[in-house]
């Protein structure tokens, strides 16, 4: 009988112009990464409200990664700079709450970096899997 | 409650190979709102689209979820399909089960499982979708061209030719730009003035074109179709409408020792001047820093000799407000400063000159009437050394020069070398090069002619040091092919200096909220597919402001920019992107946080009256989003503290629904 | 004002006059050069950062000045070059800095915060050329002097930061302040042949002649330098035009030359 | 053999901190070098040969002791390659091998004259021996 291997649940927010396109490129090039990663498309990484991330953790996500255009390359000129600041604050708050720092990540992935996207997801999934299940923020009432 | 149809695409075996499409559609049928489900080999094909249209009609669907390839691929297709079926096109959501599922996961079980979750997320989102209609805004049918060089001239002429009024703003007293300073043009060697000045006259005579010379753009407000621009017309102390350009004032002006910018300081002009004979507009300008009358009220000669009575010492800067539908940037380039390259002794000897100075020295209208004489002693030079790539192709860590190739230098140096050998066969001409780059029609042939027919000595190597000694310039250089260090006694050294964008470009980009690269060249909307548009809607790029360019390339880009402008101006209304921010006025507390983060200045505040429970009215300050300016990034939605700001098409509730669906 | 002073080996021997004039002129201008205790030779040439051992004498001198909270001044171009480059490494290269401090094994570590001046920079940035112009009693009127920087004062320019490496003016400005007519030669920052003169005198002769003949052609009748080796090469290889230390010219203009010569 | 010299070249690159790949082969270093005529291998060749791992000829060349350390090539290189630092590293690589030196102390007195500044002797010896 097969051992039921633990699979982490990872939510990835990708901006439409760079990272989502980077994820598509990873697909075009058939670069594998774990199926545990589920991507949500947003117009810009600055659309990601910290609330969404907390919601994901509350609902049992084990890791959340936000991907945006490289600094200076934002389709909307400066959106990713806002993201960088907001996430710095959010991450330090999560740290304070005792959520392992490794469960959240902010990465810049351009539309040309399919390989980087796949590598990042592999690495992130591996890191999160090593941490195990997210128990601290999970709302058990949300469990079926 | 929505009535949702789910359509799972096989994409041949692209999806069906790793994802059990049947299982996906079966699994999704129990999701809330789903009333129809099916799967098909190619959803994007006509037959596939017909399935969708039929299903919409048959099952009264209000929302559509297509599980297929990336929305970047076929979202537009399926939106059109929805519209054809009578649905609002924004009631469609795509679950990307190809690029982000079947193509990256090898295992059927996990692929199928993920595809189901992605489908659920899309369904959860569609449940909260609302029909969206793009906003419309009117278009002012007038264009502004900033810069009056060959790029600006060509763009303006083409736009005017299509029947739209155009204004050119030029900082110098005349249009013409760098091309007016050139002597001959490669690779045909026709004279620059002969092909440029007729165009300048065309501009002057075209009743659709207004020229604001000696003027600057002061302020730009508004957005595509509706720019509101303030132009500062600097006081030239001469009434433009009256001046006939006869030049009597220039002749009589006693201030004779002002360095002449047009000849790059190699000769002098007067305090009142017309830059060159074919200037457009041909009117005099007084240089206030040199004019005695303006500085201390003593002189007034020009006013006495002007029979037209055009001189006006009391003239003030004038500000003009105008509305434009489109703006073309054509601010051009300049050679870089040689201060960090004084191993070539540019600052130590008059006989070390830049290529642009060389153009003036060989130009019949230049300081030497076209005779090639060295600036120091007006003797004919017998040995000339040309140095290529001065300040171009420098590494950032060298902390000087530019990293890019300036592109035009190889060709104009070949031209200079060839012309010298043609006119003065007794002259020895050396060209030191790193690489000779001549991609272009008839370009390499031209360079080979310089070598083979005219005997120009091309040496692979670089000049390391130029030392003035007596009336000679001692040039130390390497000849890499011969493996020698050369010492040449030259009479004239000509530096092919790197070019950089005009200094006015950076503040202009800020006014336009147009993006620039690290070298201050304007960035194009797409490097391959949208090369003449700026990412900022309604702003177009023409000429060297976007990157180094020669004349043929500049003119093609100028015409391309003009055609894009015409394409915009022929529209009566512009349709916007409906996925934009909007404030819930009942929740907005008027704090301005959203307006502060908006990169486009799309948010303004208005005072609005709201009915209260006690039937009185209360005035509150609330945010308003200009739908024509908002690009839909969503920065404001996160900044908003009261949660009033939301983004259509990517509403917080929709994204949370997706998160929930994924985490279920 | 008091500054730490690193004379260097040559100034104690073959270039004594360079040192004597420098000290006396500094005094006239209100600066006391305090020779640091037990200084050791800088090594003459800055080789690579790969040889921390050869930089220890410089670090010792720098640290001495640091402990007295004084800038470190030298007159010899070679000493200045080695001191400045070493100090730069101590500031910018953490590995080098750590290694050196371990070698030294002293109570406190040194981090490169001493200000290193060449005597010319001291005159420009601390004393001020205007003040020197006022102090001149014996202007060098009618003397056509070509300043010669050599390579060590200016390069590598990113570290030395003395002036524009290709078209410097500090030396010219000083000579003008002394009342001399300055002859500018583009050869003023080319190498005289340096230490290779010992092994290949004919090569150094060629290099030196390139420089002196250019300066002569540009109209100079005297060359001024800060470097003993430059002076040796130029003087030895050219009879046509003399090379003097700039401190000698300074002493002459300030009216203290004879006093120094007699001392 | 070839592997050996690649190894030495890599060591030289590492110790010098120079990135020879940045060179665009313009030859400006050799165009400006005051010691060019005395050198068998010239600054641009040092860069090229170290990059391609061909260091044996350089190690045994007298050119190493002709470099004046005047840094003209370093300052004028448009690519920031710093050839002089590479020459220095090659010289070190040679001198650090056992018994290698360019000059003996006994050879010096014959080369001196009365005026030669100490500075020259010290510099030369720093260059010629470990």
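In order of appearance the chains are A, B, C and D, and numbering begins at 1 in each one.
Keep in mind that, in the parts below, a contact is a pair of C-beta atoms (placed from the backbone, for glycine too) under 8 Å apart; a residue touches a chain by one contact, two chains touch by 3 or more.
Just so it is clear, the structure is predicted and the values come from calculations on it, not from any experiment.
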Can you name the chains that touch chain A as well as chain C? B
B-D compared against A-B, more contacting pairs: A-B
Which chain has its C-alpha centroid at the greatest distance from the C-alpha centroid of chain B? C
Rounded to a whole Å, what is the gap between the Cα centroids of chain A and chain D? 51
Averaging C-alpha coordinates per chain, one finds the centres of chain B and chain D separated by a number of Å equal to 47
Could you give the separation in Å between the centres of chain A and chain B, each centre being the mean of its C-alpha atoms? 34
Between chain C and chain D, the Cα-mean centres are separated in Å by 25
Give the residues of chain D that touch two or more other chains, as numbers and ranges in rising order. 37, 72
Can you list the residues of chain B that touch 2 or more other chains? 343, 399, 465
If I count partner chains per residue in chain A, which residues reach a count of at least 2? none
What are all the chain pairs that meet the touch criterion? A-B, B-C, B-D, C-D
Quick check: in the complex, which residue numbers of chain D touch chain C? 15-17, 34-35, 37-38, 65-66, 68-72, 74-75, 85, 88-89, 92, 103, 108, 111-112, 115-124, 126-127
Which chain D residues qualify as touching chain B in the complex? 22, 24-33, 36-37, 42, 44, 72, 76-81
In their complex, what parts of chain C are in touch with chain D? 8-10, 13-15, 41, 43-51, 54, 76, 78, 151, 154-157, 165-166, 190-191, 193-200, 203, 206-207, 227-229, 232, 235-236
Per the touch rule, the chain A residues reaching chain B in their complex are 9, 11, 16, 20-21, 23-24, 26-28, 30-35, 38-44, 46-52, 55-56, 59-61, 75-79, 82, 86, 118, 142, 144
Contacts from chain B onto chain C in the complex sit at residues 339-343, 345, 347-349, 399, 465-470, 474
